[in-house]
Amino acid sequence: MIGHIILRRTASALAGLVVASVVIFLALSVLGGDAATVVLGDQATQENITALRQRFGLDVSPPEQYLRWMKGMVTGDLGRSHLTGAPVGPELRRRLPVTLPLTLLGLSIALLIALPAGLYSAVRHQRASGALISAGSQVGMAIPVFWAALMLSSFFAVRVGWFPSGGFVPWSESVPGALESLVLPAVSLGIIQAAIFTRYVRSAILDVMRSDYIQMARATGLTWTQSLWRHGLRNAAIPLVTVVGLQFGVLLGGTIIIENVFYLPGLGSMIVGAVNQRDLIVVQSVTLVLTAIIVATNLATDLSYRFLDPRLRSQ
Amino acid sequence: MTERATEFREPYEVPELSAEPVSRQRGRRRVPLTLWGGSLLLSLAPIAAFVSFFWTPKDPTAQDIEQRLSSPGQNGYLLGSDGFGRDIASQLMAGAQNSLVVGGLGVSLALLGGITLASLAVIRSGWLEEVIMRLSDVVYAFPVVIVALILSAKMGPGNLPGILAVAILFTPVVARLVRGSAVPLFEREFVLAARAYGRGRTYVFFRHILPNLSALVIVQATVMFAIAILLEASLSYLGLGVSPPTPSWGRMLRDAQQFLSVAPWVAVWPGLAIIVTVLGFNLAGDGLRDLADPKLHRAVR
Amino acid sequence: MPRSWLRVAGVAAILPVLAGASFSSDGASAPLQVEGRLVIASELPEPPTLDIRASGSTAIAQLLIYNVQETLVQLDGAGRFRPLLAESWRVSPNRRTYTFKLRRGVRFHDGSAFTSGDVVYSFKTAKTNPASPQAGRFAVVEFVKARGPRAVQVTLKRPSFRFLYDMAQRAGVIVSGKTAGQAASHPIGTGPFKFERWNRGSSIVLSRFAGYWGRKARLDAVEMRYIADPNAQVNALLAGDIDVLSNLRAPDRAAQLRANTSFTFIRGATNAKQQLSINVSKPPLNNLRVRQAIAYAIDRRAVNVATFGGFGTLTGTFAARTDPYFTTYAPYPYNPAKARDLLSRAGFSGGLDLEIKSIRGNISAPQAEVVAAQLGRVGIRAKITELDFATWASTVFNPSVANFQLTTVGHSQLLEIYQFVSPPGWYQQYRSTGFNRLMTAADSAADLTTFTRLARRAAMRLADDAVTIPFFAESTVTFVRKRVIGWPVTGRIDASIDLRAVRVAP
């Protein structure tokens, strides 16, 4: 049964990814002009445009361009940047070791903060302390992630110099150095995400607090905190996992911005750099890779969600 | 970046609307504190933007290199001056215009598109509903930043990519919300009564159903507005927003980064402006939701 | 806190670290841990390629010229030519033929011997490759011939003073035909340093070449780091992560660094000339009065303070101190009243609308903002359009497109005044027979004095015509850790930092 579900969900996710790839391709290579017109601008002669189209491989029909691109994505040939001629694939692979650990670290920090904070504010929801955390999460959600980054950087990097204010030491050179480069970026990401997660944890725990089995646990003499930790969190995990899945895309979006604040050579700075340079070919491929990561994460949370909640296993 | 799924406990769970149509609700509900506080905060930006049309402490684009990086209160600059000697307070006020334009247009387009789509789905039924469901599934978790980046790559920098990104991404969300809430309403007595009168589905939708959804739609609008403001700030920070010298909160932060060690306040004020405005929209949305359907949150009070 | 919580926390914290550590065996070999290693932070963006003959990127020139790849002759700080790969040279009486006697015993980094064939190859390919940005520098060359393995003869179509200057800069870089193909990722040259490794997105590492023909480099290795954030550069210096800050791009932090006794402050000359370039073919900019009005409206001192911390040297002509024809002549000092007057006399008393194109991520962008405000004060409404470098290069900087009215830009090579000779008069479409005549005469000058006199007159003519409104010539604001000895204090030729004599005290 489980295998059947996994298969169906995976197929559905792949279908979604294909649809997304078509949309991305249409948006960047077809509608409103292609890479050649963008590069050369509105003053270009027809021959220049035709020549450049040929160089970019745009002289074939759009469906064929799409198929070539898709074939390349699957085989690992993600095209070449029109500016540097450098192949996109290897560059992308070089940058994954920055973006993925950063995103995961941000997520971890967010959860590490949100779980206890949400729990506490739920348990104390009628007291000032609980309300304070609630208010804090409201404010946290309103903070732009790059502003949080700038403020943290201003103090911890510029003022006291505990962490670097920019740049990335490659993992191959020094693992502690790489971690050091990621601390401030991940904390910036994590704090904002924690604000969002805290509210869900709080809400989920409050629901759990009304449930029968918790009342039972309390009746056996456990405190709120103990009973919730032992029994409640598992139930709170379900909506939390859903939220994590939903928010992962947002988290990735935040990573894209954060990489530009801290000058980290990851996928985020790659795509922003490509957008700045109107390098549509690079934007296209990187966007698809980012979309694939999001789809994969959603699939994973969807499947784990079913695994966590026994009631859904047969669905 | 601080995009929220809607406040519902599970995605897509549509809250029960009050049993009676809006027109017949009796008694005044107590307006929650969040609504008051939120409305107060979020009104600061439009007031500042409006006033800035007529007056700002100094000309927001006027440079005075001699007085660059003045600290707050120094040289007649209320909140200090930036790297070119421009008044930060005036820039904040004028920058509000830009943020609100992006928010306003983006949200309006999303609402327009979403309601239109939903009305078509409800009135026609059939495959369009399926399409809306699938579409909103796909875009629901997709970061609006990436959509905006794609559009910027194509269209070049400016406000338009941000506006369109919000419109494109949220049209399916609004459509799903409106359609999802509209369908159960079709079974209500007042609708059945209207249908008995011979009114068509279209008339019923716009005349009876949509007004009952107004609270829901407004709540969603506040969420989208907050996201749009954060998006505009992010794009401007990345250098993809509106060009100088038009003031923009996000670009103020971009320019301020190099002065973090010598003049940190240049980065503090625009950030606070964004936080206050976004917080205002979020709180107002929460308050409105509480007002419209206290049942949802009664358990958690 | 319950134990399960600690377990969860532990897992959550370890996971990303493991993810990252799994990448630690990527690519590179162990980092170079050697004593005599110098770490420099460059102010320029990381180069897109390492092929100096194919790209206009200044970052390549900064690192590779004279260090990894060499030219036949070198320009020293005083502007004199010194022998490098050419041990000596002779100029024919009609000044059209240069005969270079090549040094013996020179090897490329791959071990192959340097011969006249390599010179011929380098010059020929630079001249005939249409994609090469340096092709124009060889336009005056008639032919290049090897005269045996140790001599090369270059014959010009006409005498040209700039030829030797060009040969001392990136156009004259000598490569080997055998290894030229890999230049983009692994450049091979004859210099005292060889290319070691490129950590993309991070740094480029060079190591000492033991087979160098001259005095061996004092350093074991050099790492050029590309840290884009100026604040991060300063912090890296303060934290001890880097030894040299090549050129401070956060001028507001200069005071903090100068007060710090761990560093030496070196202010050097460069040939980076910052200016407002005008497209004189587009009305109303073809009207001299309008251009003069623009010139009078510019307060270059304010531009210097606002965008470069006041470290630039104000200039009034298209020249820097490292150009032999430099002059302090400045025909249009800041005078907004005069600007307004000229504008109304040109028929624009009601104001004028213009567009300034700037380069994103470059000092050009804030300069455009300052200029726009200054122009606004005299009634010229200037709209700013920021472009990415590639679009700017292909639409503004391209003489056959030249789609712009005004643009802020910096040019960093020596003797660039030649560029204004028409056709096409560079990307600014400057057509002046008087200027052309002066430049032709200067180029055919018999000696440096005559050349200087004539070129200076041409520069003054250019300034009078208000074709380009110079702001200042950049200085390099360099901070060097005290234990670093021998850092070049004279000007950089074509942005290159000559690392031969640099060493690190123990």
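To keep things simple, chains are lettered A, B and C as they appear, and every chain counts its residues starting from 1.
By our rule, contacts are C-beta pairs under 8 Å (C-beta built on N, C-alpha and C of every residue); 3 or more make two chains touch, one makes a residue touch a chain.
Note that the structure is a prediction, hence the values are computed from the model and not measured.
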Nearest-to-centre chain - CA centroid comparison: A
Farthest chain relative to chain B (centres taken as mean CA coordinates): C
Inter-chain centre distance, chain B versus chain C - centres from mean C-alpha coordinates, in Å: 46
Inter-chain centre distance, chain A versus chain C - centres from mean C-alpha coordinates, in Å: 39
Between chain A and chain B, centroid-to-centroid distance (C-alpha), Å: 22
Junction residues of chain A - those touching two or more other chains: 153, 158, 165, 276, 278-279
Per-residue multi-chain contacts in chain B, two or more chains: 239, 257, 260-261
For chain C, residues contacting two or more additional chains: 229, 231, 360-361
Chain B contact footprint on chain A (complex, rising order): 16, 19-20, 24, 27-28, 31-33, 38, 125, 138-147, 150-151, 153-154, 158-159, 165, 192, 195-196, 203-204, 206-207, 210, 239, 242-243, 245-250, 252-254, 256-257, 260-261, 271-272, 274-276, 278-280, 283, 287, 290-291, 294, 298
Chain C residues touching chain A - in the complex, by the definition given at the top: 1-2, 4-5, 8-9, 12-13, 15-17, 19-21, 23-28, 31, 48-49, 199-202, 225, 227-229, 231-232, 235-236, 238-239, 241, 360-361, 388-391, 394-395, 401, 403
Complex interface listing, chain B residues touching chain C: 61-63, 65, 68-69, 83-85, 157, 239, 243-245, 257-263
Complex interface listing, chain B residues touching chain A: 1-5, 9-11, 137-138, 140-146, 149-156, 226, 230, 233-234, 237-240, 250, 253, 256-257, 260-261, 264, 267-268, 270-271, 274-276, 278-279, 282-283, 286, 299-300
Interface residues, chain C side, partner chain B - complex: 229-231, 234, 250, 252-253, 256, 299, 302, 305-306, 360-361, 366, 368-370, 372-374, 376, 383-386
